[in-house]
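Look for chain A in each of the two complexes below; its partner is chain B in the first and chain C in the second.
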Partner chain A sequence: MNMQKEMPAVGAVKVYAAISGVVILLMMVFGLVMRMTQGQMLPIEPNVFYQLMTAHGIGMVAIAGLGGSAVMWHFLGKYVNLRAGFAWANLAFFLTGVVLVLGGIFLGGFAAAWTFLYPLPANGMGQWGKHAAAAYMGGVLLVGVGMLLFYLESARAIIQKYGSFARALGWHFLKSGQDAPPATVIASTVVTLINIIAILIGAVILTMMLVNLYVPEIAIHPLLAKNLIFLFGHVFINSTIYMAVIAVYEILPKYTGRPWNVYKPFVWAWSATCLMVLTVYPHHLLMDYAQPLWMHIMGQIVSYTSSLPVLALTLTATLGSIYRSNIKWDLTSALLVLSIFGWSAGVIPAVIDGTIAVNQVMHNTLWVPGHFHLYLLLGCVTMILAFTNWIANKEKAAGFSGLEKSMLWVFAISAFAYALMFLLSGQASVPRRWAVHLPEWLAYSQIASLFAAGVVISAMAIIVRAMGGIIRPARQA
Partner chain B sequence: MYQQVAWIVSIVLIALLAIAFFYVVRHSRREGDGAAVAAATGRWRGRLLWGVTLLCIPVVAYTLTEMPYARQAIANLGAVEVQAKGYQWYWEISQTELPVGKPIEFQVTSADVNHGFAIYDTDMKIVTQTQAMPGVVNVLRHTFEQPGTYKILCLEYCGVAHHSMMTELHVVAQ
Partner chain C sequence: MNGTRKAGPRAGLILLLVLAIPAVRSMMEGDMALHMLLQFPLLLLAGWLLTQGLTEQTRAELRKWNHAGIAGLLMASLVLMFWMIPRALDMALSDSTVELLKFITLLMAGATLELSWQSAGLIVRGFFLGNVLPMMMVVGWLYVEAPVRICSAYLTDDQLRAGSGLLALAIAGSVVWLLAFFCPPIRSKEIHDENQ
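And then the complex of A and B:
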């Protein structure tokens, strides 16, 4: 039932991976420019800074989604029958949406941050107009529609193969201990379920806000809008990691010779995650005192519990799979192991910030990008880079040149130190999303800029090398 | 205080994690008994899950007693009421000279978009905060223990001059 079909990466996956690599690099450059601006090393005006900030935020969320989709599509397609047309349709919606988003930002001046928190998009104070806001939000909506098609197709294919979501989640295995679905199918089913819900919620609030832009009389309660936005945003960005980690489940065993076995706690963990990731988002609203108390308490408790099951199992399984395995180290395997470190490390300050008493002095400081750069830059993006490198090498282990080792270490140290500088700034109460920093905060940004430059240079070397492998036609055997 | 605790705990735990990775990577070359490693992995998985669970339960229980909302539920006995309203891009605050050692009740809202109402002490460290949301009044109670000039900074991105949305509170001994 679970026989895996071995096949090389097909066109859509390669295009996804190539676009992901290029956009990730561009977003890293935006990040460098922003940190240099905060450190007064570049004379960028605040309106441009906030446009870059908006583009960096939505760009990274979208490309993490696209890169994660490439990983999921590629490996899920080995177990279920996915129709390539949906991958191309998703890409068409994605690219159309991106054009609208970029037009709204860089032509229309839209700069309400990627979270488009109501009612800021309609209150640009002369910096942008309602058409620019509509272009941005309409673009995000189109990207979401494409992703929804993608997940509806994966849902169809999973049900066609496994009969129900319950079987694809492995619930029958909990009873019988027989016929466990592959880890990839379990993770893909969870992502499919939670992201269909999240994208629909995102579509609802985006549509409501688009209507409000042109008919302001139809107002939305700001607290309701914030709940909907963060429910959508939190689930979507978490899903990017859950999709990208499939690369670890599928690729790492080829280096270690140890299969990624599915066992009962693994099934429990993913099913629990399905529920918890949908209920943890109130930790983004801990400083909205008008929010019901039970939601605050739920936000803190689920923050502690939601990350633990899947992460703890993936962390221990990763370490266990490489310990005394005679693993073949190359850039792909090294990036995969690094990504699990980044994800695990990032969860620590994230959970701490989910503590209400801590959030009271950390909320919206640079502590927040500190933790999410650990698990997105050093976690999710690193998983996507590993996957890109894997398909660039025709899905085989490769050599590990001195240059590659150097670039890997520069990337690992720079990305880690870059995130730590955010955390250090956060504990010093430096606010996030400030174009102009006070004199006493400049040193943090200046030092961080050095590490950001290290990230850009090393990632460029890794991505350019992978692009060459992806674009180069496959050699005939 | 919580800033330092968060930083130190994060660094210590991340360092332990890094040590675990370095140890395993250093011992990844030589091939060992796969079954024995799998059994050891299972034991470590159990230890990690139980250890983190046993650590987190008291931490969650204790920190939930430190919630700022609990203070909001206490009757407003003798608190100085201060209305704070955020605008793009300035604060309108009904009273900016406040007594030390006396509870202050900030009734925080916004006239336009979401803002963040964060109080910074004289060392430019956040002492407390809440959101300023249009159509909503968030009640924030705080007692200043030290006199001095405190700053209010906007911590929710609100447009192109977000970073200049600052004002001051003067806390004086009575």
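And then the complex of A and C:
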């Protein structure tokens, strides 16, 4: 039942990976420019800073989604029958949406941050008009439409092969102990389910805000809007790492020679995650005093528990599979192991910030970007880079040159130090989302810029090298 | 199958006749929530049941225009979209021609749902529901949040109940749809059909 088809990455997956690599690099440059601006090393106007911040935020969310989708599509396709047309349709919607989003930001001046929190998009105060806000929100809506198609096709293929989501999640295995689905199928099923829900909710709030944009008399309850936006956005960005981690499940065993077996705790962990991912978002609303108390409490408790089941199992299984395995180290395997570190380390500041007492003073500081840069840059993006490198090497272990080792270390140290500077800035109460920093804060931004440059240079080397491997066969053909 | 083919249209016809009785009509249309959340679904159901009487030959002819149920579901969603517009509701109450058109279009929407649902498969159905359910939620919210009466024929309280009802119906529909992913017997055959 779980026979795996061996097939090289083709067509859509390569295009997804190539676009992800290029956009990740561009977003890193945006990040560098922002930190340099905050450190007064670049004369960027605040309105441009906020445009870059909006583009960086939505760009990273979208590209982490696309990169994660490449990983999921590629490996899920080895177990179920996926139809490539849907991956291309998703890409078409994605690119059209991106054009609208970029137009809204850089032509229309929209700069309300990627979270487009109500009522800011409708109140540009001369910086942007309602059409720019509509282009941004319409673009996000289109990306969602493409992603909905992508997940519906995943759902169809999973159900066709396994009969139902219940079987694909391995619930029968909990009873019988037999015929466990592969880890990839379990993870893909969870992501498919939570993202269909997230996209529907996203469609609702985006449409509501579009209505409000043109008919301002029809107001939205701000707290309802914030809940819906974070339910949509937080689930979506969370799911990117749950897609990307499939690379660890599928690729690492090729290096260690030890299969990634599914045990009952693994099934429990993913099923629990399915529920917790949907209920953890209130930790972003802990400062909203009007939010019902029970949601605050739920936000704190689920923040403590949400990441742990899957992360703890993946971390211990990764360490267990590496230990005395004579693992062959190359750039791919090193990036995969690094990504598990980034994911694990990145959860810690989130758990701290998820504590209500801490959140009251830390949430609007750079502590939070510290969390998600550790989690996403060293976790999710590193997984995507490992996957890109893996398909560039035609899904085989490769040599590990001195240059690659150097770039890996520069990337790991720079990315970690870059995230650490955010955390230290947060500890020093430096607010987040501010274009202009006080003189006392400049040193943090300047040192962070140095590490950001290290991230950009090393990531560029890794991505350019991988692009060569992805594009070369096409040229030869 | 033959039993269903006879019983379905008969039940559909009876339902339609009952809905057309002036007293029943005015009772349902006197309340915005009953109008939208009871009369509309019952008209859709009547259309669905009436269509079960179609011969296989007619169905085959119609399938040529309804590949994978796309055209049918698109039409149904457009009809539903139109009748959620407050102005349309007002016109149906004040103009008997529009009222007749409402009956006909909703019956047709029910018919296209019946003709399309089986052949649509998980993806087209998912796309349809992914459009209609959020649309119902947004319209429900509009009815609840609008600062003024948006239908001349109904009071604010009616509007509030209809909006809340639409929201509840959309949420319930979403839950049922997602729970269906967990139920194997029906879906596996449909997905097999979809792949043919």
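The rule we apply is simple: the second predicted complex is superposed on the first by the 473 of 477 C-alpha atoms of A that agree within 3 Å, B and C clash if a C-alpha of one lies under 4 Å from a C-alpha of the other, contacts with A are read in each partner's own complex, and residues count from 1 in each chain.
The rule we apply is simple: a contact is a pair of C-beta atoms (placed from the backbone, for glycine too) under 8 Å apart; a residue touches a chain by one contact, two chains touch by 3 or more.
Predicted model, so just to flag it, every value in this text is computed and none were measured.
Participant: Could you check whether chain B and chain C clash or fit when both are placed on chain A?
Facilitator: fit
Participant: Does the superposition put A:Ile297 against chain B (first), chain C (second), both, or neither?
Facilitator: First partner only, chain B.
Participant: Touch test for A:His221: chain B only (first), chain C only (second), both, or neither?
Facilitator: both
Participant: One more residue to check, A:Leu152. First (chain B), second (chain C), both or neither?
Facilitator: A:Leu152: touches chain C, not chain B.
Participant: Between the C-alpha centres of chain B and chain C, what angle is subtended at chain A's, in steps of 10°?
Facilitator: 100
Participant: A:Pro431 contacts which: chain B (first), chain C (second), both, neither?
Facilitator: A:Pro431 sits against chain B, while chain C stays out of touch.
Participant: May I ask you to decide whether A:Ile196 touches chain B, chain C, both, or neither, giving the answer as first, second, both or neither?
Facilitator: It touches chain C, and chain B stays clear.
Participant: By residue count, is chain A touched more by chain B or by chain C?
Facilitator: Touched residues of chain A are more numerous for B.
Participant: Looking at the overlay, does A:Ala132 come into contact with chain B only (first), chain C only (second), both, or neither?
Facilitator: It touches nothing on chain B or chain C.
Participant: Quick check for you: in the superposed arrangement, does A:Cys274 touch first (chain B), second (chain C), both or neither?
Facilitator: Touch status of A:Cys274: no partner.
Participant: Considering the aligned complexes, could you tell me the closest Cα pair distance between chain B and chain C in angstrom?
Facilitator: 13
Participant: For chain A, which residues lie in the overlap of the chain B contacts and the chain C contacts?
Facilitator: Of chain A, residues 221 contact chain B in one complex and chain C in the other.
Participant: Touching residues of chain A toward chain C in the complex: what are they?
Facilitator: 81, 86, 148-149, 152-153, 155-156, 159-160, 163-167, 193, 196-197, 199-200, 203-204, 207-208, 211, 217-221
Participant: Would you tell me which residues of chain B are touching chain A in their complex?
Facilitator: 2-7, 9-10, 13-14, 17-18, 20-21, 24-25, 27-34, 37-38, 40-41, 44-45, 48-49, 52-53, 56, 59-60, 63-64, 66-69, 72, 88, 112-114, 116, 118, 120, 124-131, 133-140, 153-164
Participant: Can you list the chain A residues touching chain B in their complex?
Facilitator: 46-47, 50, 111-113, 117, 119-120, 123-125, 127, 221-223, 226, 258, 265, 287-290, 293, 296-297, 300-301, 304, 308-309, 312-313, 315-317, 319-327, 329, 337, 341, 344-345, 348-349, 352-353, 355-358, 360-365, 367, 423-424, 426-429, 431-438, 440
Participant: Considering only the defined contacts, which chain C positions touch chain A in the complex?
Facilitator: 121-123, 126-127, 130, 133-135, 137-138, 141-142, 145-148, 174, 178, 181-184, 187-188, 191-192, 194-195
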